[in-house]
Amino acid sequence: MSEEFEPNIVAFLCNWCSYAGADLAGTSRMRYLPNVKIIRVMCSGRVNPLFLLNALQQGADGVLISGCHPGDCHYLEGNFYARRRFMLMRKLLEHVGVDPGRVNMSWVSASEGAKFADVVEETVAKAKEAGPMDQFRRRQINW
Amino acid sequence: MGDYKFARDKLADVLTSLKEYQVFAPAAVGDVLRFKEVTDPANVSLDYDNTTVPPKELMFPQTETLFKYRLGSTEVEPSVPDASKKRMVFGIRPCDAHAYSIVDNLYGWDFADPYYQKRREGTTLVGLACAEPCANCFCPSVGGGPASEKGLDALMFDLGDAYYVNSLTDKGEEFAKAAGLEAAGDADAKAAAKQGEDALKKVARSIDTAGIPEKLPSLYDHPFWEQFSDRCLGCGICTFLCPTCHCFDIQDEAEAFDARRARMWDTCMFSEYSLHTSGHNPRPTRKERTRNRISHKYSYFPEKFDVIACVGCGRCINHCPVNIDILDILDKSKQAEAKEAKTA
Amino acid sequence: MVDEKKLQEKARETLIRDDVRRLIGWKRGTYGFEAAPAVVTDASQAEQLIFDATCVANPASFIAIEEKKPVPRGAEPDTRKVAVMVKGCDSRAVVQQLVEKAYAREDVVVLGIPCLGVVDRRKAEKLFGQTGAQVSAKVDKEKVALDIGGDVKTVDRSNILMDKCLRCRYPNPLVSDFLLGEEVEKWADDDFADVDEFEKMSPEDKWKHWDEQFSKCIRCYSCRNVCPMCYCVECVVSKLRPQWTRRSTDISENTVYHVQRAWHLAGRCIECMECQRVCPVDIPIMTLNRKMTRDVKEMFEYEPGVDVEAEPMLACYNPQDPEEYIM
Amino acid sequence: MVESYRPKIGVYVCDCGINIASVIDVPAVVEFASKLPGVAVSREYTYMCSDPGQNLIKEDIANEKLNRVIVASCSPRMHEPTFRKAIREAGLNPYFLEMANIREQVSWVTVDHAEATEKAKKLVEAAVAKALLLEALEEKEVDVIPSCLIIGAGIAGIQAALDIADAGFKVYLVEKTPSVGGHMAQLDKTFPTLDCSACILTPKMVDVANHPNIELMTYSQLEEISGYVGNFKAKIRKKARYVDFDKCTGCGVCAENCRLAGRIPSEFDELIGNRGAIYLPFPQAVPAKYTIDPERCLQLSKGKCGKEGPACVAACGPGAINFEQEDEMVEIEIGTVIVATGFDVFPMEKKPEYGWAENDNVITGLEFERLVSSSGPTGGKPVLGRDKKGEGGYLPEKVAFIHCVGSRDKSVGNEYCSRVCCMYLAKQAHLIRDKLPEAEITVFYMDMRAFGKGFEEFYDRVRREGVRYVRGNPSEIYRKGDDHTVVVKVEDTLTGTPMEYEADMVVLGVGLEPRKDIREIIDLFKLSQSTDGFFLEAHPKLRPVDTASDGVFLAGCCQGPKDIPDTVAQAKAAASSALILMAYGKVKVEAMVSVVSPDECRGCGFCVEVCPFGAIELVEENRMGNIVQVAFVNEALCKGCGSCAAACLSGAIQPRSFKDEQILPQIAVLGVKP
């Protein structure tokens, strides 16, 4: 336990805003923590809330879903659906006892590289506070 | 073999003395009873009707690793249980012990299943006779009874202030010795016998199984199944809670590069149980699945092993949410005219 | 209460119709405190049908889970209507099934039954023990009278009715072609106090609770199968490609199964409580559904199963939806 | 094509000069990748995007028979097209490419080199996990029918129609009212140049009627539209005019003889002038064909007109009048659509405190236009207070103009600026000054927005002409006494003094609103609205005339308030956008579209509801002899966003290249800690 807990975060970023925003954070050489690993999807509306459940089960300590700001969705409405879904999924997980700090969502536009870096830091900080996700992680199970 | 007894308030002491055994006894989670490994003997109580989940899970766990391997490697590491490790099922009801002896037929048939058999070999079964059968018990109709000794190593009777223990096998004797039980008197044996007889009379439900195994195949296409299958939910309650149902599915599971092959309970009541890769399903609706469950227990199994694969524990009746009552089905099957089948 | 003779007469009338294939209602069970759901196809079977406070099952469940047999080449599929008897709560399932296009309105004949509440088997068995008798039960605004094999017991409603009945807001069917019996007055409201109470627990205590509950699960899927909203051709839980949930039973897979189930019912659950009723190992499944129902109502002002014209909750949005945690 | 079932993956890790290699231990990543399942080749190269880098991949595809390629380099948003092209050239389906973004997401943002290397490994492993399940996708092209449907024949529709027709393509121009021209035809002069609106518009109106490539359908409405970009089918209802279009010469004798002549308020004149039951909306109307108003015509509404029967029939020489005429449905096929349905002016009912309904000397800007138009009911004299026969009246002496009526006003739900009112009121003030040199003119404004070419100069000129501008937003306008004096109650916000300004004419600078019946078009095309209620363009900056529906473009005020030059510019842009599709003749269909597994679909239609593009519909499916409803994706409409997949409960609908079964392995890799 001497080593500090480093949470592992799986992030789902929409191709048009947030992934581009993450790219901008890169091109602007902003430094952020390596804990967040990104999966590219075309739209935040693509992210099935069950992905999040799966990520926690696989061993992620937190998840991040990021899309375009409301009204800016490349596909017009995808982020509105995403917002509704994750608002609710987060409540459901909270009811089961999952720390709500593990479920994070953000609006990051293609021009918000700095915001993306901030979002990463905040997401990692929240997951750190929540501690290792060991409630229903698969690897816990002794075969 | 031997007649023993121990005082009711010595139950915890008896269990404590069984250190060389891994002891399983009924334990409550909320209102639900299930056999669990005894961690604190003080918490064990034998005042129960029967467990919701039958103790078949102790021989045939719901999920069981068969072997482990590493992805990309051809080496496997079998996970066969160790028979030399002594286990005891304490307080098992006669019907559930009877069930083991029925399932033994299958797991020792064309292929000796080491996972099941090793567990069986290493396990001592200490039964508890039923003084008050439940509303839907019908064990005497299928060769059992509230005080049946089938499959047991010892049988206990709750005589109020003491438990009378009748050891039936060497394993039973070993248990009596390990537990340091005192010898019982004739009066106790008589009281136990009396209790057994009384209990038998209290069993409210019954079925005359004569002729059923032979008749069911003739009702294969009979419409009478539909009056039950039409309300069947297709869930796994009746089969998962059945002490004799023994079907399993095999799955490979991997965590990164570590993998295992495991088997887990499966049920003929699920549509995917009989679903072919082609998309064809020989049992396309619940009618065929309901028919299969009953026919397997009361016809196919006896045809092969000469014993009905049902112990009359009543669990499928008690827990079916839509009142599909196996006795009702059997009763209706007896009334059904085989020739009607053609018109189905 | 409904006159049984009238009910059977209406059922007979309905079954005689050329355009009706089957009727789903209730009949007396072989034993105990619950009536059995009944699927009848012939007018001669109408006399089996009953309605009283033991008729707890939701007949609407059976409309959608019926498996159609393959139709032989050249033959015509049977497209006649299905008639279904529904209590107020059951009728919400029909409404929601219509919203989700499980069938068209003209495919069903709905026989509505105003209801004063139904008996909870678990509560009854706690009071009177398991019985082999075929129990019947009458309910009025104050008491429930149970006839247990000739022995009549009278119990306060709150001690024996299903929890859903004690907070019932829709005692009268929301959709029906024929109403069997007089409409009744609503007697309760739902303040979701149970959800509030559960939420007071710490995350650790919540998980401790669920760890224990989910560990019991034997994955018989009765909760899924009985649900009137669960009738996917292939449930994601059973899918192998991709495999969302493994078939192994352990705390990880069991938890994921239950959360998936609750998620898939978010904004769809009509609170008939059948999932919890049928669970053989007494998992308080409704605790998750109730949480979703409450939050959907609070956050999105949405209530499923009350309006046939409504858009499905997760297939619509409001630009002003809450987003307080979004960065 | 080399697409065998068993994956053979090539992994290419790019140094990007030192951009990647100086932070990430590239050889370690290459070594790690070489051991992953299915990986046949794993290489490092300085610049993968360079020609030699691409050739490396191409050679391996040829020699090692690779069937999946992973490039670990920069963002796929940068070079995905480059590498797709490269592997296509090597004979592999371009969708067998997956990229791991180890520059923007790792080397450029991570401080610790060891951590960066570990993260890069993970990203490569996730890419391999997904690559194992990639599928070959087909890029399809569909032909574009070389014709365009334009809805609305105001200046926007007219201009777009002329441009497209001049380029040699067929245009169907559909107009709801009996004449083309729209709002612009109602205007007197245009700001800031004071051109006569009719003079510049009518030649174009005549052109659209005569152009060989334009089929003009006035008094017609779009009823149905189906299909997708390049291949739309439309049903148009040509409403019955009760006048034979070909026989009518437009002589107007019928209208003179109509028993209701001059007794029905004219819509064109904003109800301050009158017409008959058979009418031409205005003298320069195109087509110059008469129309009978079926709701007002005695013969049509009452079944009887006078003792001798309809006078118009008797009067019409060519015998053009036909009371038996019925609506006609026309079906057309088009490749592109331009929506130019225009706007409605702000309805004064929503602002009763300005007393418009009670006082006939309180008029809207558009009423003013008709009042001062030489072709208007008063012949261009701003006469107020005429009697029913249109006689008598007075010329105003004190005129007030009010800005921002129904614009920039949250209380009526319109937060936006209507963009034209400042200038049209300045123009109208000028017109009053011109016609009534002695009148006292006061303009009440909130802010003056004179941003266009020549606008500020014009505003200056108007002020110099003796028009007083007072900064203040009137709270109330009411009648005082028995004469026609009305009081404008306002606070001069520059001096802070409350005023009760007495005027005998008040002109309300009403703003522009979305058409009241905008829903009809929204439902037909599944278009979206922005918060102001106008149609939403595909991108506010870069795709201002496109919509989310491919092949459907916007022109003019239906997208938001505009003045005439902006409208014309946008119309030309919309025309050019439609022409791009039609001139090329083919359109690429997105390859990464959603696909339905009909056997798994429960037919609930959640996906249909969620799809922002109307790409999904429920169709009948024969499932083992039983007919069920299942989702069906129109691939030409689908944009591959995948919202449908997240809404689908059974996973029956999936976007290609982003299927659940492709994403879950990525989660599995990234979820597990190193």
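Quick notes
Labels for the chains are A, B, C and D, by order of writing; each one numbers its residues from 1.
Following the convention adopted for this analysis, a contact is a pair of C-beta atoms (placed from the backbone, for glycine too) under 8 Å apart; a residue touches a chain by one contact, two chains touch by 3 or more.
Quantities reported herein were computed from a predicted structural model and do not represent experimental measurements.
Chain pair with the larger contact count among A-B and A-C is A-C, by C-beta pairs in contact. Put simply, the C-alpha centre of chain A and that of chain B have 47 angstrom between them. Chain A and chain D have Cα centroids lying 35 Å from one another. Averaged C-alpha coordinates put the centre of chain B at 31 Å from the centre of chain C.
Shown for chain D are the residues in touch with two or more other chains, namely 531, 599, 610, 647, 660, 664, 672. Multi-chain contact residues, meaning those touching two or more other chains, occur in chain A at positions 49, 54, 57, 71, 77, 81, 85, 138-139. Counting partner chains per residue, chain B shows two or more touched chains at residues 255, 262. Because contacts link each chain to all the remaining chains, their graph is best described as complete. Chain A contributes residues 8, 10, 15, 19-20, 22-23, 25-27, 29-32, 34, 37-43, 45-49, 51, 54-60, 71, 74-78, 81-82, 85, 117, 139 to its touches with chain D in the complex. Partner chain D is touched in their complex by these residues of chain B: 71-72, 255-256, 279. By the touch rule above, chain D contacts chain B in their complex via residues 37, 599, 672. Residues of chain A that touch chain B in their complex: 138-139, 143. The touching residues of chain D, counted against chain A in their complex, run 75-78, 101, 103-106, 108-112, 115-116, 118-119, 122-123, 126, 528, 531, 536, 548, 592, 610, 612-613, 639-643, 645-647, 655, 658, 660, 663-664, 666-668, 670-673.
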